[in-house]
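Just so it is clear, A, B, C and D label the chains in written order, and each chain counts residues from 1 on its own.
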C-alpha cells in the first residue's frame, strides 16, 4: 500500500472532575476539564485491528480521577505534568511516546453572609458554599515526550472594553475601502491568550508557582489593555504581550487572539438626536480578528497558530 | 373560514445596545439585550396582507436606540417601562394594545491598576476600562396593557455549590428505584429566578430602586442557599424564595428553576483508593430539574411555567 | 407564615436514550431526549424536609429507560403517553397528580452504498449504518392529569428561505421609522411550530398515527411557506397555520414562532457595482420575531406563549 | 527591546454572505461564512501605531461581498482562491505576503410541492424556496503566499452510527483499567475531516471540480464507515482515510478527528429486564477522541494538529 499513517493520537477528552478538600471547615475546591491525548506505537491499532498496544481511553479517564486522589490537584499545571509523565513513563513496553494533557479550570468564589457574631456590620465566608465565577476560563497544555516537559498556559473568554483612548486611521485605502477614520472609538475584545513557560521539566528544575504566575500574567494583560492609548488592536495586542514578558521572567512567549468586538455608533440623526459617542450597537458578526505572538529574542516560538 | 387567529405578537428581538455615560473621566456603561413584542389590532396583517396597522419591527429597534439617548438607561426596568408605555400610548390609532419588553443585562467591572501616586501600595480604577463579569445575567420583563405595568425581574446562570450540608433519603421506593440514600452529598445548581414586583405603574406610585432591589434579592438567595441545611433541592428552593419574600417588601412572588447539577462520587475502590467525598465527576445530562413558586398569601401568582 | 407554595414540579430532564431494534438485519433506531416533570402532593418536600412523597428524579430516569424495553418506542407521542400515565396512575398513594413528558426526537437516515449485485448502477441501504439528519428536531409534550391526555407536538430549527415573492410596505411611519419599503426581498426564518391534537386519551379513542401525522403537518407547513406570496411574515405564518388546520383533521390548534432571519442587500455602489438582489449579508441579531396562534373556531387554545 | 514580534495575522472573520442567482425561475443560492487572515509587513502597526501598511479588516469584508458579485461563487474553493490571490497580488506595495481564506458552506435543498399539472401524482421543485440541510458543514481553507496555492477542504458535524459490527478488546490492562471488553457495541462519531488537494495553483494547472470532488470524498468516507467491521475507532479512521486516497487521485492527505460518542448499554437487570443491546444511554462527556492522518507515500503532510 502506498499510503502512510501520519501523525495520530487518542485519549479521553473532557473529563469533568471536581476535587474537594475538607481538611478544615473551610473547604477548597478545584473544578477542571481534563483532556488526554497520547502518541506512540499505534500502527497496529489502525492497520490490523490488534489493540495489544492500546491503553483504552477509559483507562486514561480512570487515571485522571485516581490521580486527583493520589496526587491531589495543587494547580492544573502540576496535575497535568504528573499525568503526562505517568502515561509516557509507566505504560507497558514504552508504547506511549508522548502525552498531551489539556486542562480548563473554572473558578469559584466563596459565598459571604452577614457576620452576626460581630458587633459591627461585617461579613464572613461560608466554608462550604461557592458561587462560580463566570468570567474567563484558565487553560493549560502540558506536553511530555519522555525527556522534556512543555507548559503552555493561558486563558480564554476574558471580555474587556475601553470606552475611549482608541483611534484608527491612516490605513491603506484601496478601491474596496469605505471605512471612515475613527479618532475616538470603543475598543472591545474577548481575550484568548497562551503563554509558554521556560520550565522544561529537568530534574534539578523547580516548578514555578503556577497559580501565582497565572494571577500576575492576567493582571499585566488587563493593565496593559487599560493603559495603552491605542491606534490599532494590533498595537494593544503587542503592548499586552510585551508587558507580560517584561514582568514575568518565567514566561518566554505570549500569543494572543483578539477578536475586535465591534461597537457601532448608532446614527440617531433621523430622529433629530445627536449621538455624542453615547449609544452603540454591539455587533455579533462579522468581527476583525487580530492574532500575534511576542517572544523573547533567541527563543524559538512554539505556540501554534489555530 | 372556520379558523380563528388567536394570540399573536411581534417585534424586534435582541437589540444589543451599549450606552456610555461620559460625564466625568469615570465613564459608566449599560450593556443590554432588549426584545420588543407588541400585541394589538393586527388581524389584517395576518389575513389580508395590509400592513396599515403594522409598526415595523425595524421601527421598534430604532425606538430602543433613540430612547437610550432621549431617556437614558438608569435601570433595565425603568428603561423597559418607558419603552412599553411609548409603544402602547403613542402608536397611531391605538393599534398597539399591549407591549412586552424583555431585557437581559450584562455586568461590567472596572479594571484596576496600581496606584503609583500613593505612598502606599494601592490600586485605582481606570475610568474608561472595563472587564465583563461573566457571572449571572440580570433579566427583566415589563408588560404594559394601557392600564397596568407588570414587572417581573430575575437572573439566570448563577451557578452555586455546597460541598456539604445536603442529604437526600426517605423517598418513595418503587420497582424502578435504584438510587442509594445520601447523607452527605454535593448540592450544585444553576439558578434561574424570576420575581414579580408589586409595583403596578399607577400614577401616584413611586418606582422601587430597581438596581438596589436586584442586589438585595440576589444576596438573599445566595445567603439562603449557603445557610440552608438541605434535605432536598426542593427545600432549598423554598428557602431561597421565602427568604426573598421575608426581606423584600416590594416583591410579591418568586419563581425558581433549579437544575440539579449532579456531582457523582467516583468509585476509586478498583484502584485500592478510598474516596472520602473528595473526587467527583460533574455530569452534564441527565439532570434533575426542580421548579417552584412561592408567593405572598392573597396574591395571585402570574409568573408563567416554562 | 404568610407565604404560599404555588405551582411546583420536578423530575429528571434530558434523558438521552437510543433504542435499537434488531429484529432483522435492517436495524431500526429511535433517538430521543426525554424530560419528566411531576406535579402533586409535594408540600412536605419543600417545607419540612420529609421526602416521604418524593419519587426520586433518578427513579423517573430509570423508568424512561426500562419502559423503552418494556413498551418499546413506536413514536415519541405514544411513548410519552405511556410514561405520563404510569407516573400518575402507579405512583404510590396517588401523590403524583399530573405528569408532563417532553421529548425531542432526532432523525437518522440510512447510509447507502453502491449495489454491486445489480447489473445496473444502483445503491442499497446498509442495515446497521446511519447518518444523522441535522435538520429540524421533532418535539412533543404530553400532559396527563389522571383524566385527560393533552398532546402538543411540534418541531424546531426548520430553516427555510424564499428568494423572492416577498414584499413589505404600506406600514405605519412614525418619527422613529427609517425602514425603506421593499417590493422584492428575501424571506427567511427558522420555524418553531407546536400543534395540539384533539386526541384526549379517552378509553374508546384511537391514537392518531403520530409519525404519519408529523410528516404531513411538516409538509403542509413547507408547502404553505413556499407557495404563499407574502406581504409580511405574519401573513406567511397565518398561511402555514391554516394550511395545517385545513388538511389535518386531528389537529385543533397551531402556534408558530418565526424569527425574521434578515438578509440585508449589500450596498455595492461604492465599488461601481450594481447589486440586483444578488449579494446579501445574513445578519445574526437583531431579528424580527413573529409569533401567532391559529385554531379552529370553538376550540379553546392552550399552547402557551413563551 | 529584547522582544520579538513573531507570527501575526489579521482580517475580518465570519463574513456571512448569501449569493442568489436568478438567471431562471429556478434560483440558485450559495450560503457561506468567509474568514480572511493576512500576513505581511505589519511590524509598524504593532510597534509604532502607524497604520500605513494596514489594509482595514473592513476593507477585506467589502472585498468578499464585492467579489461575490464580480466573480460569482461557483464553489467555496474557487472563490477562496480568487480572494487569496487578490489580497496578496493587489494590495499596495506588496505588504501582504500571504493570505488565508477559510470558508464554511451551508447546504440548502429545494422545497418540493405536489405537481398538480401531472396526471400522475408527482412533485415539483419550487424555484425560489429552500430548506436548509442541517447536516454537516462543508469547509475549506485556502492559503496563498504569492507563489503556491494550498487547498485543504473538509467537513464537520457529520454524525454517523453503526449499531453493530464494532468490537473492542485485547487492549492493555494496567492498574487503572476497569473497562470490560466489548464484542458487539454501538460505534458512533461526529466526523471532522480535512483533506489536502495536490492542486498548487500553477498557471498551467486546471482546478479540480471542487463540488464534485467534495461529494465523492464525503461518499467514500460514509461508505468506509458503514462497511468496515471495526476493532477500534482507529481502524475505522484509517479505513475512511485510505478509502478516500484510493479513490480520489486529486487528494494527497486526509486527516480525521473522530470523537467516540459513547452509547452505554443501560443496566436493566434491577427491573428484571434483559437488555439485549436494545437500550442505550447516549453520553455527552467524557468522550474518546481519536485523531489521525493518512497520506500518500512521498507526500509531506501539512494539515495541522489542532
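Simple rule for what comes next: a residue touches a chain if its C-beta (ideal position, glycine included) is under 8 Å from a C-beta of that chain, and two chains touch if they have at least 3 such contacts.
Predicted model, so just to flag it, every value in this text is computed and none were measured.
Engineer: The B-C interface: which of B-D, A-D or A-C repeats it, judged by over half of the contact pairs being the same residue numbers?
Structural biologist: A-D
Engineer: Look at the interfaces B-D and C-D and say which one is made up of more C-beta pairs in contact.
Structural biologist: Result of the comparison of B-D and C-D: C-D.
Engineer: Taking the mean of the CA coordinates per chain, how far is chain A from chain D in Å?
Structural biologist: Result: the chain centres lie 25 Å from each other.
Engineer: CA centre of chain B versus CA centre of chain D: separation in Å?
Structural biologist: 38
Engineer: Can you compute the centre-to-centre distance for chain C and chain D, using the mean CA position of each chain? Integer Å is fine.
Structural biologist: Measuring from centre to centre gives 29 Å for this pair.
Engineer: Which parts of chain A, given as residue numbers and ranges, touch two or more other chains?
Structural biologist: Residues 15-16, 62, 66, 176, 178, 270-271, 284-285.
Engineer: Which residues of chain A touch chain D once you look at their complex with the stated criterion?
Structural biologist: Contact set of chain A toward chain D: 1-16, 35, 37, 42, 45-47, 49-59, 61-63, 66, 90-92, 95, 168-172, 174, 176-179, 230-235, 237-238, 241-242, 245-246, 253, 255, 259-260, 285-297, 301, 304-306.
Engineer: Once bound in the complex, which stretches of chain D touch chain C?
Structural biologist: For this pair, the touching residues of chain D are 15-22, 27, 29, 31, 62, 65-66, 68-70, 108, 111, 113-114, 126, 128-136, 157-165, 186, 222-223, 225-227, 263, 266, 268, 270-271, 273, 275-284.
Engineer: Considering the complex alone, what residue numbers of chain D touch chain B?
Structural biologist: 175-176, 178, 270-271, 284-285
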